[in-house]
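Naming follows writing order (A, B, C, D, E, F, G and H), and every chain is counted from residue 1.
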Amino acid sequence: MRGNHVIGEAAIRAGCHFYAGYPITPQNELTEYMAARLSEVKDGVFIQAESELAAINMVMGASMAGTRAMTSSSGPGISLKQESISFLSAMELPAVIVNISRGGPGLGNIAPSQSDYFQATRGGGHGDYRNIVLAPNSVQELADLTMRAFDLADKYRTPVLILGDGMLGQMMEPVEFLDPKKPGKPVSKEWTLTGANGRPSRIIRSLLLDPTVEEEHNWKLVRKYERIIHKETLVEDFLLGDSTMAVIAFGTAARITKGAILRAREQNIKVGMIRPITLWPFPSKAIQEISKIIKHFLVFELNTGQMIDDVRLSLEGRGEVHFYGRPGGIIPTPLEVSRVIASQYYQKRLG
Amino acid sequence: MKKVFSRPKSLKNNPFHYCPGCGHSILHRIIGEVIDEMGLQEIAIGVPPAGCAVLAYNYFDIDMGEAPHGRGAAVATGLKRALPNRLVFTYQGDGDIAAIGTAETIHAANRGENITAIFVNNAVYGMTGGQMAPTTLPGQKTTTSPGGRTEVAHGHPMNLSEMLALASGSVYIVRTAVSSTSNILKTKKAVAKAFQVQLSGMGFSLVEVLSPCGTNWKMIPTEACHWIEESMVKCYPLGVIKDITGGRKSAD
Amino acid sequence: MTKKSGTIEINQELCKGCLFCVEACPKGLIISASKLNAKGYYPTAFREKGIRRELRECTGCCACAISCPEIAIEVYRG
Amino acid sequence: MMGYVLAVAGMRDGKNVTYLPAYGAEVRGGTANCTVAIADEEIASPVASSPEFVVVMNKPSLSRFQNVIQSGGGLFINSSMVDTRPVRGDIEIFEVPANDLAKDLGNGRLTNMIMLGAFVRKTGMASLGTTEQAVQEIFEEKGKSIVKQNKRALKAGYDYMG
Amino acid sequence: MRGNHVIGEAAIRAGCHFYAGYPITPQNELTEYMAARLSEVKDGVFIQAESELAAINMVMGASMAGTRAMTSSSGPGISLKQESISFLSAMELPAVIVNISRGGPGLGNIAPSQSDYFQATRGGGHGDYRNIVLAPNSVQELADLTMRAFDLADKYRTPVLILGDGMLGQMMEPVEFLDPKKPGKPVSKEWTLTGANGRPSRIIRSLLLDPTVEEEHNWKLVRKYERIIHKETLVEDFLLGDSTMAVIAFGTAARITKGAILRAREQNIKVGMIRPITLWPFPSKAIQEISKIIKHFLVFELNTGQMIDDVRLSLEGRGEVHFYGRPGGIIPTPLEVSRVIASQYYQKRLG
Amino acid sequence: MKKVFSRPKSLKNNPFHYCPGCGHSILHRIIGEVIDEMGLQEIAIGVPPAGCAVLAYNYFDIDMGEAPHGRGAAVATGLKRALPNRLVFTYQGDGDIAAIGTAETIHAANRGENITAIFVNNAVYGMTGGQMAPTTLPGQKTTTSPGGRTEVAHGHPMNLSEMLALASGSVYIVRTAVSSTSNILKTKKAVAKAFQVQLSGMGFSLVEVLSPCGTNWKMIPTEACHWIEESMVKCYPLGVIKDITGGRKSAD
Amino acid sequence: MTKKSGTIEINQELCKGCLFCVEACPKGLIISASKLNAKGYYPTAFREKGIRRELRECTGCCACAISCPEIAIEVYRG
Amino acid sequence: MMGYVLAVAGMRDGKNVTYLPAYGAEVRGGTANCTVAIADEEIASPVASSPEFVVVMNKPSLSRFQNVIQSGGGLFINSSMVDTRPVRGDIEIFEVPANDLAKDLGNGRLTNMIMLGAFVRKTGMASLGTTEQAVQEIFEEKGKSIVKQNKRALKAGYDYMG
């Protein structure tokens, strides 16, 4: 199946009954899939909204009602959703937001790119908040992480972003849908708005006029974020065992890097990879751990350098960090990346 | 003697924070009365706006969920689609619904979303301190039209309700006021009818309420009500703008 | 007794002195009081407060209460 | 379509497959292309540094892709549309007059399947049988006659290389 | 004059002829000032837009025409402008954007806060771009930096953000308007759209469909950003000479810190302050320089910790960094901050 | 023999990238002809949309500035207010102007901004691959209404132009088509008149053009034109919707 | 000679074969050509190409050119 | 208003001044307050840890601000509205029945200026003259009678403390 379709199918299997979206390349197949598929699901709701702004606010309403809800877009559309993402975070509403990103800034182009890393991980909206950001690198992972996204969103009452790119959205690979995790304890939603039938009325809001109340709310969110950092960080190691150098890359770039590393290893270059699967929380601990052994890092991103900040924040000087970036929708080949690896490797006399 | 008038039970026991003579207070009570009388407290869900009525949830004793400024119709759409057998209404100021929320409102009406919008038109941005709104009258002084609104510099007062009446998904659109006892009673009837339209699944309904804002109009409350009846209604005539509940199409 | 008689109670702490009730009462039975309430407003007062039922003009028509933004008026009739 | 059918065929053969289209969806025109990787092991990168085989349907694609082919690989050219030939001597070149063959079949739009037929015959990446099965699956919902036409085109390309 | 009015007056004196805005507390006085003042200026245009989105796009149009243009808002409204800020950056259009920020996320409150730091410095919109971010800490600086903002925007053809907060916007202090810097060489705008009269027609766009072209554009922007980092970084030192500890704070927090440091010094605590005036470019070099002497840093922000990332990125382990944050609109007193300073100072045996 | 028909000089010499029989191509030429004939090449500034016509600046040999999707009216407002004596027009698809750009368009009209909008209605999102638009006809199949648009599930086709006619700042609103030689000629006249309205400073003008999109309608180009004349015009009747250039108010 | 006479030139490389001109020509003078152009379309051709002026039916009415999206047709008259 | 007039008066006296209102603008109701700092040197922080003087107009403000005043400082209370008194013994307390005085002047809204009059007399932060000048400046555009009324109120408060 095609990546975009897989996200849709996984969402529906995870119990997503509500989708609102707006066309934008390269995520259209997802919207289209939901249009067709949700009409077959009992109580399934598909709305093609009049804009990205309307779409995310519809999702907000559905989430208030306790429904698993999703929206998707690409760069420019995600920018338009920022105000409401900030609201969702403040009101502690679960929601899954998919960004099949493209080249930017501005209208840019529709080629795969990773230049929305900052926007996703630093909160492009106003105020102190963080969102869980999942970065799949295969069609299978699109399926698995989409399902996980809904669970995390409910568990922590927070928006979860899936950051893919045009390549993942378009790519076809075989995929297996795991049965949605038996919800150990179903997350009870005793905060949802369903009408005050037989219970006191409820309020969902983000306005906290009294600074002391708002401050307490901010710190409460921070405590939640710390729990998430502690429990939900995901990272993949690849051939680190004997390596003297590690490439750090996520998503599509990591996929290319795998190919590059296999090539490099053919030349006896001892290089491995660290792949953050959650971009926030970022696997800082794991990188710190590895920096006890490996001292040379190459950050490879399909942008001009964004995740590198998180790598440097993780290391705080405990390793040398180099960067290779190809922004604007360029997809370098594994060969090209393996050459960058080799040149770094030999320059640093690691081999 | 029997108590014949007191606080509706779907309002909480909090005194309003609104200014003296504010239309929001009157309208809150009216809505509360209608919810009581129609027995809707347990299924009603309100969507308050950014605006002076942002704290409406402190007064209504029903479930309420805040929308970002202007996005009431979209949030209500999400709620109602997820819970088709609840009563979902937005409560929005003129800045909220007729400026920043124009697109969301028109498209909700156009899709025929089965929700009700209560549109409180006080011809001004109340909460932010009295700036010009799309609904501000020609000549009206506001903090962003200090010399009075002129059509050349600031444009024309906008008749959102009439535009919404053109959307084929809208069913009942009416304009009332809370400027006098009789207008208050008419407003109550209109709200009740709009809720009824929604309960029968007919589509989009909206009640526009001309509402005094003495504070920003720089008038005492009674003057403000007179100004509604003398000036505002000329620009925004009261009455039914569209009602196709009888199957009859009577668009503008 | 055919004539319906009424009376009202004004909660002077809720009242913000907007005078809507004064304008609304067809009998002119509500007046502005002369002392501030705790919120700093001059509330209104019912002229027939404490007056014997037979002498009251108030009909319990509710006009005052309907126009009151603060729900400061309760009306009794019978 | 060609790549998609091939990818599905590869999957039916029990291989690991990635199909990666490049999109011109948002803007009309431009060269379209796609990459299919078929392997027995996990596919590390769906982006091909130097593919083994390239199929080009028109002139701009030829100039864009001729140099990336692995030494010793193969290049399939739609000779109805492309009149130049690459200068490289280290690859094998297969010419298929796809448009002409398609015209013979009475439907100008079947060029893709003709090239694919030629491709699977020469490369053995999938058998004719599985490829036909893939065509069946994919075009099923468009109606029987479409399936039939496409299969015929596949066969025609296959036979042309015979 | 009141802070918000000062921004308006400074803008007009800097030649700003176009303002489009939308009401939001606590920046309304600026919009209101522009409404009144621009009507007196020849060719002055004031538009109260129907939304923040419309406002920034009107500014985009005016900027294309070569007019000095400004918009302003607060947190939620700034979030809505993110898509267009990305466009302005991509199209290299000058514009001045003022954020008189408030407590967040969501509707939050209208009290002063610094929780939009990430949004401002990391690009809340999509794609690889950075904006110059100026952080005044007095009414006088509001005047000076507003004027500077217009010059920088024109010089580098880039949006410039002024990040203030409710306190600066409301505060009144005496102010002197410097004569707008004699524009050494007036920035010629040979890219503006004015009608193709006697010259070839021009295009302003951000769509760059070809990834190689988009990539080249991305790197071109990076080179520009490097020039800005090199030339336009601003930082203030305060009593660092004999200090063994430095507080790092910006804007209103820095203002409070000054008071706190004066108090702390009364107790013989040797503490000074580093105040980034440009948040982007961040004064990393200056901090690195200082870290040769001072090893203890206290980052104080009116949020849950955002600028601290930039401090840690500057230091990369070359100093100990602590954090004190008061989010949600709380304004701590100098006394409170001086106590935090003292406790840090004594704990670390610096005194 | 004299050359009586050739490429207008305000178009560049680039072949169009549009699909065969696309209405955008025809409309580009028409606008080019009007600009030539009215001598506007040196003062015209165009604002192209996100949409199939996003590359319009590759064809028009005039100054052009891109707007984010839907924000054409706001960008044009900024340009025109800054340069009141230029001709500023937007070129927008139905998705662009009637969905995401609803608010910007209505408020520009309401303020009476002195700009011209060219609104290309092909009842579909062309560029993104044929999704349903607010203007999609009932029953029409698109990639997001695979079973055909239904009023219940997807809402009603939206008549933006009629709504805009209610805005008091709009002066000239007309609907035409490029489905036949005669309709093409009428479209050209409409564009010329709209530009004239702007040049005389009268206020907001808009030309809605029904335009074939064979690709997404799954029709060959000639069929697409027939479909416009048989089906689309029923929902979107051709002709003048509002024209108060003569002082006469003839709103819908 | 009172009858206006015309002729057209079709740029077959610009043509995308939409057939609008074929429908538009009141005299039916345009036909679809049978060979692909470089872009892969079947362009149209003018039936009176090269035919003597006196024998031509083309009036130079421009209907074909007006309907042509690609500006592939130039018209001459006189 | 009171603080604003004081700030302007301070500026006219050639001092460094910051005026920092807290806003209730976005929501009706709540306690309003402002901070004025007047000094000969640069003002490091406009936020006062412990102000020298506090003026409270109503009960909620008294409970909120009574404890921040510097030891040895002064507290001005509008005794028409506030019936309780702080328990602190280390500050001086000045009671001004501002509403009653205002009523005597025939305009209930002049309480602010009355308090300010009392304030400048007791603290000497500004002279009556500069304060009157500030009133003149600020209210000028609202008309002569407003200026006059406010000056009268200022004087009344000043005299009350006499």
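Convention: contacts are C-beta pairs under 8 Å (C-beta built on N, C-alpha and C of every residue); 3 or more make two chains touch, one makes a residue touch a chain.
The structure presented is a predicted model; accordingly, all values stated were derived computationally and were not measured.
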{"item": "Chains most often in contact, by C-beta pairs", "value": "A-E"}
{"item": "Furthest chain, CA centroid comparison against chain H", "value": "G"}
{"item": "Centre distance in Å when chain A and chain G are each reduced to the mean of their C-alpha atoms", "value": "56"}
{"item": "Interchain centroid distance [CA atoms averaged], chain B/chain H, Å", "value": "40"}
{"item": "Contacts with 2+ other chains: residues of chain G", "value": "none"}
{"item": "Set of chain B residues in contact with two or more other chains", "value": "18-19, 54-55, 66, 68, 99-100, 102-103, 107, 111, 127-129, 134, 154"}
{"item": "Junction residues of chain A, two or more chains touched", "value": "25, 28, 50-51, 53, 76, 83, 87, 91, 106-107, 110, 205-207, 209, 331"}
{"item": "Chain D-facing residues of chain A, complex", "value": "25-26, 28, 110, 139, 166-167, 170-174, 255-263, 331-336"}
{"item": "Complex contacts: residues of chain D adjacent to chain A", "value": "4, 7, 11, 16-23, 25-27, 43-50"}
{"item": "For the chain D and chain G complex, residues of the former touching the latter", "value": "58, 81, 99"}
{"item": "Contact footprint of chain B on chain C as seen in their complex", "value": "5-7, 14, 16-20, 23-24, 41, 60, 62-63, 65-71, 73-78"}
{"item": "Touching residues (chain side chain A, partner chain B) in the complex", "value": "17-18, 20, 45, 47, 49-51, 53-55, 57-67, 69, 83-84, 87, 91, 193-198, 201-207"}
